[in-house]
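Lettered A, B and C in written order, each chain numbered from 1.
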Amino acid sequence: MDFVGNHILSVGQFQRSDVNRIFSVADRMRPYAMRKRITRVLEGAIVSNMFFEPSTRTRVSFGSAFNLLGGEVRETTEVKASSLTKGESLYDTARVLSGYSDVIVMRHPEAGSVAEFAAASRVPVINGGDGPNEHPSQALLDLYTMREELRAQDRSLDHLRIALIGDLRYGRAVHSLCKLLCLYDDIHIHFISPPELEIPEEISLQLRNHGHQVTQFHRLEAGIHGVDILYVTRTQEERFPSQDEADKYRGLFRLNESIYTQHCEPNTVIMHPLPRDSRAQAQELDEDLNQNPNLAIFRQTDNGVLVRMALFALVLNVVEEVDNHAKPVTWFTAKRNLAEKM
Amino acid sequence: MDFVGNHILSVGQFQRSDVNRIFSVADRMRPYAMRKRITRVLEGAIVSNMFFEPSTRTRVSFGSAFNLLGGEVRETTEVKASSLTKGESLYDTARVLSGYSDVIVMRHPEAGSVAEFAAASRVPVINGGDGPNEHPSQALLDLYTMREELRAQDRSLDHLRIALIGDLRYGRAVHSLCKLLCLYDDIHIHFISPPELEIPEEISLQLRNHGHQVTQFHRLEAGIHGVDILYVTRTQEERFPSQDEADKYRGLFRLNESIYTQHCEPNTVIMHPLPRDSRAQAQELDEDLNQNPNLAIFRQTDNGVLVRMALFALVLNVVEEVDNHAKPVTWFTAKRNLAEKM
Amino acid sequence: MDFVGNHILSVGQFQRSDVNRIFSVADRMRPYAMRKRITRVLEGAIVSNMFFEPSTRTRVSFGSAFNLLGGEVRETTEVKASSLTKGESLYDTARVLSGYSDVIVMRHPEAGSVAEFAAASRVPVINGGDGPNEHPSQALLDLYTMREELRAQDRSLDHLRIALIGDLRYGRAVHSLCKLLCLYDDIHIHFISPPELEIPEEISLQLRNHGHQVTQFHRLEAGIHGVDILYVTRTQEERFPSQDEADKYRGLFRLNESIYTQHCEPNTVIMHPLPRDSRAQAQELDEDLNQNPNLAIFRQTDNGVLVRMALFALVLNVVEEVDNHAKPVTWFTAKRNLAEKM
């Protein structure tokens, strides 16, 4: 695809070459995200961060990514703070806001709303999550992290063996990730979920049609051996018809150090789209894994900044200019970088 | 008036020469708002955007305007996020915040509150709307848009023929606009509203005293012919004594393409202070007009950025410095500018 | 202590030399806070302002301080806007956010939460208030203000005579201030409170152990003579077991111009951590004192910016670089500085 001036709405937009392009730009963002140097390439540019659904991680990650490129962030964080409560259409909001901004990131609880908004916008729109539907930057940062983690083991995304664990029915991160995996060759996928929360049949079928090996499991221990990556997810409680319904599944699958050691291959990478639910009754990913060097969950969120910087740089067409606006870092960063080497 | 260091609280502050001054500065802001170039003239300056009432449009517009001049924005968006809930007076809040900021924009639900706040502030305060009372930057951007739209037809604000439509009783945008129209000559005004929501008598009288022609209508079709501009407003539901009372008037007047074509002169400009209420039962300005080239509602909001940049530049006394801090734009802007030419 | 790369969690961290260091850096920040010139030393750096409890003053003060050093602010203002509502631990939030930020300011309603958060952060964390526990930047700005006010009278913090007035039981500002006063010599302290809201015995004891003179009073007039500084506080209603309980104490002690003139020495400085409760039934510090030149409450909040700039500069190790990134101010500031001379 041509990124310049275009919207990022769905992982379905991408060919393998597009994903490669995003990842190679993300690589080039690393010195800035690690504060080896700063860049001012987007000095004077404004992103509108429109979050009509609660979010800390995604919102701050996009905002920081834009700041790291030198741009400014204008933010809206609640439906009730918005003209939408006065009956304004997404069309109007988009036309108006695109007059104030150079690029817009939008999260909204309704599937399809971001695409509707983008159709009326005069500047590029990046989907920050539209309800149960899509969250493309999450899928990209997940895949980018897999590539990085495998590369450290001299392997590539082709021939990847991965277990996807938890609420596979409502988890949009998993759905988007599966679509991206269809761009690669010979993937072995273990779907591990309660019977009622299995991956939708159409996604499973799509993967098989691409020649991937798909196996279903209903017990955690049964599916976590013989894979390179464990991708654990929380129960998407807010997508369930009722809290009672959601409560049934909370705490059903719990990965901890003991189960990991007993069942996984050495160096099996542990991922999670976060937030993980650390309340006693949930704990799908136990905190006793926090010191495990294969726990990649914080490398994932760090990578999120790289991928989001890449998306901004691509749609605003400044990739080749980033380094031309570089400057040295003035402040203390030693502990951050120490931590990143861990 | 002398703008430097002074508050912008009411349209009543302005002489015709003041409005001309604001508009000529707004004209000079256009290349920056259109991202032809950037300026860093307010680098290091801070605006406090204090919004004690929900707002997206006005808040983001002021914030973006300040960013476009190179300054930083600190924002407060809810009464409950504020010390006001702990019994702090506006006097104290103003004294404190003016120590953190170089200029303050304030919206507050109570009439007169912004003036009270400004009296204690050590830095210029711009009224972003104080309840039913004033919203001077809205009136200015409306009038600026009228001047621009008429100029495209080789006409000026003098001798303007305008229809003001909808809730004329509670609409502060209409009230402020009427006060500004008193600065011009020979205006013909059609007030079109339900009998219960007529323009307050004092405003009508004020216009007549300036020699303007005022006519009242209670039917939409009766009043929209023979004018240059239709200024449509929504019912200000939040200002009504009750929701039931407000519901009576919703959807009473609906301008759409068919009525427009049948009753208006060609090139009659359509304006609206936004948000327009696009819910089925309201629709005071139908979306079937969205492709009509005379629909100026998004040019209005775009102009809002120019006018707000002008206000900041004037009160902070940097008008003559703006171009001296200009730099080229690094990023892709072609689609934005294409849209602006539409 | 070594400031570089370290957290600021409690006043208990500081030796007298540390406080002196902070104050001497704060002094050097004055030209920037007064807009005599700007600095860009933290250009490209990002602070995450995490406020899980309502705050205007502290939040905007930290944000503005960071902006004044040239850095960018990413902000989160409500618990419900956060992943914490999805069961995320402070550990996870800290690890994630420290990947987006160069320094984090955090306010949280629970005592100890900020320290827990800081333990997992890879970047310095500054405590912006953790419930009833600590609020170190407030204590520092209070003490800095005392030093400044006394210096204008050619005196120093040693041998200070101070009256602390109001809710001494729940007021964390008072508690932290008392700990700092233990770093100085020969302090005379009058604690003035209702019997039920006396200063905790351990704090009183700590002061006595440092050789300070401590006297308790239950009547305002009895304790306000013979001191250099009156430090008035509001009832910390949100810390009381019930509103009824809190209501008992509201309005019990009220300092006004008449009481001040009758009982205080000339030039007795009046301070208050703000917000003061100006509702008719409270008014612990009457607005009729607003013109009294000894009312230092707004000099206090102005000083807050200096102290917070100093903390940022120290933990990020840019103190010696600040002046090297200075530029002239472009905009009108005359009224601000006039006010500051008052």
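By definition in this document, a contact is a pair of C-beta atoms (placed from the backbone, for glycine too) under 8 Å apart; a residue touches a chain by one contact, two chains touch by 3 or more.
What you see is a predicted model; the values in this text were computed from it and never measured.
Novice: Using only Cα atoms, superpose subunit A on subunit B and state the rotation angle in degrees, rounded to the nearest 5.
Specialist: The rotation relating subunit A to subunit B comes to 120 degrees.
Novice: Subunit B-subunit C contact: same residues or different, taking over half shared as same?
Specialist: Different: fewer than half of the residue numbers at the subunit B-subunit C interface appear in both copies.
Novice: Just give me the whole-number Å value for how far the CA centre of subunit B lies from that of subunit C.
Specialist: Spacing between the chain centres: roughly 39 Å.
Novice: Among the residues of subunit C, pick out those that touch two or more other chains and give their numbers.
Specialist: 72, 75, 77
Novice: If we count contacts the way the header does, which residues on subunit C are in touch with subunit B in the complex?
Specialist: These residues of subunit C touch subunit B: 35, 38-40, 54-57, 59-61, 63-64, 67-68, 70, 72-73, 75, 77-78, 234, 237, 274-279, 282, 287, 290, 297-298, 301-302, 305, 327, 329-336, 339-340.
Novice: Considering only the defined contacts, which subunit B positions touch subunit C in the complex?
Specialist: Residues 4-5, 41-46, 48, 72, 74-77, 80-89, 91-93, 95-102, 122-123, 315-318, 321, 325.
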